[in-house]
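The structures considered in this document are given below.
Here chain A shows up in two complexes: once beside chain B, once beside chain C.
Up next is the complex of A and B:
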């Protein structure tokens, strides 16, 4: 593989404002309810049947739901666990759970909460669910830096081992949440939704209300 | 033929309670020193903690050197970056320079139950930007927060982006502070040892935590033809890889298969065989499961006969800084042809017959070493550093 290899976004999803988009389609909506209730609604809509999900922290819950939309529902990636990479970023790290752990500290701190006080645990949960054993990295930036994420994902593919990469943004703090994930590979004919992997398309999908990947 | 462009380590620096400077640390280690000690501290509710912690005087000195409104995490970054940039005066305003900051928990010690705006007191990206501005950096620094492989991941990200042709040089820095938050968390896991830790030993009881900062300057040096004058003896980051266990979020793999996968990928990318590796600077946290997993991974990668050591009994587990710090110390050891003693190791305590160094000793002719690391979330990383003849 080279640094000039053509890569494609084969699938994308965006969860935020109590809506979940699958590629360009509104997949689920539950307006006017708290974020936690919306996520339970989406879990049911996805028919996930993954009881571990209820024990996760909110960032992992959000990320696992988003990953299910681009990796689950009958998708066959047709590659080895070590060939599947995951590169994620957010702005609030694990602060949502950090604040919860701090409030416990005066009493008996729980290891079940402490383990989630790291942003990359969501990558671990997605990796367990979808058997991703390849390259992985987690970044923190004030805003989505698609130029950087694009460059790094390209560099991972150029290393030669990666065939599929789940990449994007997974962020939550209180009632503010956004998960926008993209499934990237060198296959153009994998899906009718495939489009060129570039920063313009990444940004367009992230910010476009109607969904640009269609 | 295309001119050779390796990712050279042109400068590095370690700041810990033991010393300031990489060579100064190795000198102190050779004299039998360690930063790990048992102490009773008020902030840990009077409970004893065995760790490598900066003293009140150390913090006062950093505050004096860097006046202004800096958090302890930021002070550590400033302390290490200032020194590493004295060795290699890289222009951070140059768009061909990349600045990366690695940390597991950054400013988390500032978060209190009464904090109404957690982002305002503990944002990692805000701290990184503030430190970047201090040095005139041209953009927002890239922040890597990938549990205990943050430092190694940052080095690998820097190398890959430089290999892509986007940057000519990179400044990679990382730090973590130990706070009641961190102590309470590891204690809740019953992962802390109340005596100096003993990686790979039969009687190992867990982790010592540690505070530190470490920095490396990486640069693509234009070198025409083989064996040029001027680069002899220089160390470069040859290759690296990461992996995920996809097994458990807080416990390492029982088989070590995924760590072995990262090691073998790194060796393949570097074009090396097991016999080429001079030593392994292991993660070696001294928890029962981590050290056992690593011993299995080294064996699967056919590295069971390569001397290995853990530096945790000198520095404690410095979390997001660990990969950078231990890489820097190991680069210095490689330059000196030195295998470092795995402090705390007496009786073999892992199932595989890996070789753990009991004493410091000279091993002439070494050209490559392997650095490994693992963290919560099931993440693993392997880096290979090599020395020019």
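Up next is the complex of A and C:
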């Protein structure tokens, strides 16, 4: 595939401010509750039936929920596991879990917490759930750098081995959380929600609520 | 704490420590904890070791005993009773 070949955002979701959006529609909302309770509410709304979810750290829980919205719910990606890539980024790395682990150091810290003290574990959890065995990358940057993510995703498609890529932002620290994920492929899939894969659309969806991009 | 109470306590502790989505009454004390039973994994096994140490003050003397001790709630209870500090007996 050449660098100039058209790519599309086939689906997108945004989770934050106790709301979950699927493409342009508000999918779930639970105002006035702690983030953990909101995530359990969203898990139930998605009817996930995935007990392992309860054992994950909060970043992985958030990422798996967001991934479920753009990859689950009856979506057929129609490609091999090795053709499915994940490119994620955030600004707080695994700090939310790191802090929890450090707080346990006075006694015996939990091995189950320790295994989540890396940010890219969320990519692994999504991969296990959705059978992704292609390219993987996780970046930490102070702000969402969609230009960089766009270029990176373009590059892995150009390599010719990737047919679908889950990409975006998954960040959590305390009560502040935001997951904005996009499903990208070369297939326009005739969906009304399908849009051209470019930095403007990435930013526009990311900052939609704030109205920062017209 | 008698053996029956210990078994119930272990069920509750394991559910809390491992974030299991089951109720204590759904766990059969003699059922396997790993694979076909509760479906625990290797990280859960480490959590069980920590649980034994933190809650019951019992350290596994020999790591090779692990598979036998953590076979079921029943075997865990037996091990705790056999090895608990004298003051707790």
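FYI, the second predicted complex is superposed on the first by the 208 of 214 C-alpha atoms of A that agree within 3 Å, B and C clash if a C-alpha of one lies under 4 Å from a C-alpha of the other, contacts with A are read in each partner's own complex, and residues count from 1 in each chain.
Convention: contacts are C-beta pairs under 8 Å (C-beta built on N, C-alpha and C of every residue); 3 or more make two chains touch, one makes a residue touch a chain.
Everything numeric here is computed off the predicted structure, so don't read it as measured data.
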Query: Mind checking chain B and chain C on superposed chain A, clash or fit?
result: fit
Vertex chain A; arms to chain B and chain C (CA centroids, nearest 10 degrees): 80
Message: Contacts for A:55 in the overlay, against chain B (first) and chain C (second): which applies, first, second, both or neither?
response: second
Task: Examine A:72 and indicate which partner it touches, taking first as chain B and second as chain C; both and neither are also allowed.
output: neither
Message: Let me test your reading of the model: by the given contact rule, A:110 touches which partner, first (chain B), second (chain C), both or neither?
response: both
- prompt: Which of the two partners, first being chain B and second being chain C, lies in contact with A:24: first, second, both, or neither?
  reply: neither
- prompt: Of the partners chain B and chain C, which touch A:145 in the superposed model: first, second, both, neither?
  reply: first
Message: Let me test your reading of the model: by the given contact rule, A:125 touches which partner, first (chain B), second (chain C), both or neither?
response: first
Message: Quick one: is A:41 in contact with chain B, with chain C, with both, or with neither? Answer first, second, both or neither.
response: neither
- prompt: Smallest separation in Å between any Cα of chain B and any Cα of chain C in the superposed model?
  reply: 7
- line: The intersection of the chain A residues contacting chain B with those contacting chain C is 108, 110-111, 115
Query: Can you name the residues of chain B that touch chain A in the complex?
result: 104-106, 108, 111-113, 115, 118-119, 122-126, 129, 140, 142-147, 153, 157, 160-161, 163-166, 180-181, 184-189, 241-250, 258, 261, 265, 269, 375-379
Message: Quick check on the complex: what are the chain C residues that touch chain A?
response: 18-21, 43-44, 46-47, 50, 53-54
Task: Flag every residue of chain A that touches chain B in the complex, lowest number first.
output: 3, 81-82, 86, 91-93, 95, 98-99, 101-103, 105-106, 108-111, 114-115, 117-121, 123-125, 127-128, 131-142, 145, 148, 151-152, 154-156, 158-161, 173
- prompt: What part of chain A is in contact with chain C in the complex they form?
  reply: 51, 54-55, 107-108, 110-112, 115
